[in-house]
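Structures given as C-alpha cells follow.
Two complexes are shown next, each including subunit A; its partner changes from subunit B in the first to subunit C in the second.
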Partner chain A sequence: MEITPEQKDELRRHGILLTSLEELYNWGRSHSVWPLQFGLACCAIEMIATSMARFDIARFGSEVFRPSPRQADLLIVSGTVTKKMAPQVVRLWNQMPEPKYCIAMGACAISGGPFKQGYNVLKGIDRYIPVDVYIPGCPPRPEALLNGLITLQAKISGQSISGPDAPRHLGSADSCEYPVPEFGGHDLEPPKNPDVWQPPAPARAPKP
Partner chain B sequence: MNRAMETPEQIRDRLLARFPGAEISLVPNPAPGAQPSLCVGAAHLREAAVFLRDDDALRLDYCSNVTGIDWPKPGHLEVVYHLYSMALRHGPLVLRARTGNRADLVSLPSLTPVWRSCEFQEREVFDLYGVVFEGHPDLRRLLMWDEFKDFPMRKDYVEPPDYEWEPTAHDAVAAKAALQHPAAAAPSPAPSPEKT
Partner chain C sequence: MDAHPYAFMAVLLAVATAFPLAMLAVARLWFRFFQPPKPGAVKNDVYECGLPSSGDSWIQFKAHYYLYAILFLIFDVEVVFLLPFAAAFTSFSAGALAAMAVFVLLLAEGLLWAWHRGHLEWM
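What follows is the complex of A and B.
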C-alpha cells in the first residue's frame, strides 16, 4: 500500500509515527555527519569558526571533528590544494570508510580560485575525488558552510538504500579506493581521474 | 635606517682594493629609488660576502632576502641578496651574482655559510629558477616535489595543459585556454536573427 507524505503527516498529527527503514536510516545518518579535522588554508579558519560557539555546528550534529580519517564521514576540502598536497588529500579520502561525503569549500577547492594560474595549484579537487557539495566564496562565511552542510543532509535524506540510485557503499562491491596521483616530471600523473571528472561540454556550440 | 653607510661606489672601490682583479661592477637602478647594486663575479662572491660581513665599517651581518631573476635576453640567471647590518643599523646593500648561462653553467657559490638565513631562500631559488648553489648544506627542492623537472619561475616555463574547463575565462586565462584546448574555447556563433 502506498502512503503519501500527506497521509503520513495526517497520521503524525494523530500521534502515530509511520516511517520506513530507509527514512530512519537516512535520518540517523544525516544528523551525525562527522567531519574530518583537516584544514588546508584560510577557509579552514572559517571552518573552525563554524565549529565554535558563535555559529555552533553542533546544532546540526556535526560538532565531532575527528582527527582520524577512519572515524570521519565528511571531508571538507577547506582551501587551496597544491599539487604537492593533492596525493595526500586523495589518500585521506581513501582512508575514510563508506559512506563518506566531500564538500569543496571555497573558490580554491572548487577551481584553484585566485591561484589557479599558479604552477603548483590543483584546479579543483573534483579532478580526483567526487564532490557532493560545492560552496563558493573566498572564503565562504560560516553561514555558507552551514548551508552547505544542510544541503548535504538533504542529499543524504534523499538517498534510497536499494535500487539503482543506492549510494556507493550500498551498491556494487567494487573497491571504493580512488587512484592516488603520483608525482611526475612536469605534473601530477594522471593530471585528473577521468572516472570522476570530465571537463563539461562547452555551454555554447563552437563555430561551425 | 640608512645611517651613514658607505655608498655602493665606495664599497665597490674598497672591494676592488681588497680583491684586485675581481669582477665587481655597479648596476644602476633606473627606478625613482635609484639605489645601485653591486654585481660580483662568481669567482670572488664568497670572499666578497665574508668581507662585507666582517668589515668593521660595514658589518652587514644580516641577509634579509634572496631572490632569483631570469634574464632570457642576455641569457643568464641572477641571484639578488639584500644585506643589512643589525650591529650598525644600516642597510640595505643589494648584492647580485650572475650565472654563466641558463643551461649548463648555472652554479654559484652558496652564501649560506656566510649568512645562515640564506638556506631556505637559496633552496627556493634553486627550486624555482634552477640555480645550483655550490656549498649549500641541503640543496633540495622546497616547494615542488623532488621528481619535478622544470623550473616554474623561468620565463620559458611551459605549464601543463590543464585549462580544459574555463567557464568564465578572460584575459590571460582565456588566452591560455584557447592555446591549450582550442575546441573548448571556441567563441560562440553570432546569434542568428530571430525568425518570427
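What follows is the complex of A and C.
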C-alpha cells in the first residue's frame, strides 16, 4: 500500500513517524556531508569563515573538514582554478569515494569569473567534474555557501538508492574514474571531458 | 533455581560480542549492495595532495648518522646511571665505586675518542 505524503503528515501530527530505508539513509548522509579541506583562492577565505563560530557550518553537520580525499564526501571548489591546478583538482576528485558531491563556489569556479579571459584560467571546473551546486558571487558570502549546502542536502535527500534513477556509482560495471587532464602545448589535454560538459550551442539570430 | 551470581557476566559478554558483530554485518551487507567498490589507478595512488607521487618511498638513509646515535647513547646511558649514583653517593662500598668508575670512564673514553676523531664538529 502506497502512503501519500498527506497521510504521512497526518500520522506525524499524531506522533507516528513513518520512514523507508532510503529516506533514513538519505537523511543520515545528507546531514553529515564531510567536505574536503581544500581551498584554491579568495573564496576559500569565505569557506573558512563559514566553518568558524560566527556562521558555524557545524549547524548543518558539515564541520568535519577532512584533510584526505579518502574521507571526504564533498569537494568545494572554492576559487579560481588555474590550468596548472586543474589536474590536481580532478585527481583529488577521483580519489574521493562515492557517493561524492561537488560545489562550485564563486564566479571563478563556475566560469573563470573575472579571470575568464586569462590564458591560464580554466573556464569552469564543470568541464572536468560534474558539479551539483553552483554558488554565484565574487566571492559568495558565507550565507550563500550555507544556502548551497542546504540545496545540496535537498538534492541528496531526493536521491534514490535503487532503480533507474540511482546514481551512477551504484552501477557495478561503470568505472567512476574521470580522466585527469595533462599539460599540452597550448591548453590542457583534453580541454574538456565530453561526458561531463558539452559546449552550449551558439544562439544565432535567424537570417532575415 | 537461583542463577549463578556471575551469570550476568556471561550475558553481558554475549551481548557485547553479538552487538558489534551484528553492526558490522549490517554495514557489510549495506556495502555489498549500495557501495560497490570503484578502485582505479588514480584513486589508489599513494599521495593525497593531488600531485602524482614521484619516486620511491624506500629511500636510502645516510649511514654516517650512526655516529650521532652512538654519541647520543653515551650521554643518555651515562645520565641514567649517574642519577642513582649521585643519589647514593655517600653510602657506597669501595667495590661499587670502582665498578661505577670503570663504567663512567669507559663511556668518557668513547666521548674522548669521538672528540679526537673530530666527530663533534658539525658536518
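Here is the rule we use: the second predicted complex is superposed on the first by the 200 of 208 C-alpha atoms of A that agree within 3 Å, B and C clash if a C-alpha of one lies under 4 Å from a C-alpha of the other, contacts with A are read in each partner's own complex, and residues count from 1 in each chain.
Rule of thumb we're sticking to: a contact is a pair of C-beta atoms (placed from the backbone, for glycine too) under 8 Å apart; a residue touches a chain by one contact, two chains touch by 3 or more.
Nothing here was measured: the structure is a model prediction, and the numbers come from that model.
Trainee: On the A-aligned overlay, A:R141 touches which partner chain: subunit B = first, subunit C = second, or both, or neither?
Mentor: Neither partner.
Trainee: First (subunit B), second (subunit C), both or neither: which does A:G185 touch?
Mentor: Touch status of A:G185: first partner only.
Trainee: Touching A:L92, do we find subunit B (first), subunit C (second), both, or neither?
Mentor: Only subunit C is touched by A:L92; subunit B is not.
Trainee: With the two structures laid over each other on chain A, which partner does A:P69 touch: subunit B (first), subunit C (second), both, or neither?
Mentor: In the superposed model, A:P69 contacts subunit C only, not subunit B.
Trainee: Taking the superposition as given, does A:P200 touch the first partner, subunit B, the second, subunit C, both, or neither?
Mentor: first
Trainee: Report for A:N120: first if it touches subunit B alone, second if subunit C alone, otherwise both or neither.
Mentor: first
Trainee: So, does A:K84 touch the first partner subunit B, the second partner subunit C, both, or neither?
Mentor: first
Trainee: If we count contacts the way the header does, which residues on subunit B are in touch with subunit A in the complex?
Mentor: Contacts found on subunit B: 143-150, 152-153, 157, 159-160, 162-165, 167, 172-173, 176, 181, 183-189.
Trainee: Under the definition above, what is the set of subunit A residues touching subunit C in their complex?
Mentor: 25, 68-70, 87-89, 91-92, 94-95, 97-98, 161, 169-172, 175-177, 180
Trainee: Could you list, by residue number, the parts of subunit C that touch subunit A in their complex?
Mentor: For this pair, the touching residues of subunit C are 34-36, 38, 40-43, 45, 48-52.
Trainee: Tell me, which parts of subunit A touch subunit B in their complex?
Mentor: Those in contact with subunit B are residues 83-84, 116-117, 119-120, 123-124, 183-187, 191-192, 199-200, 202-208.
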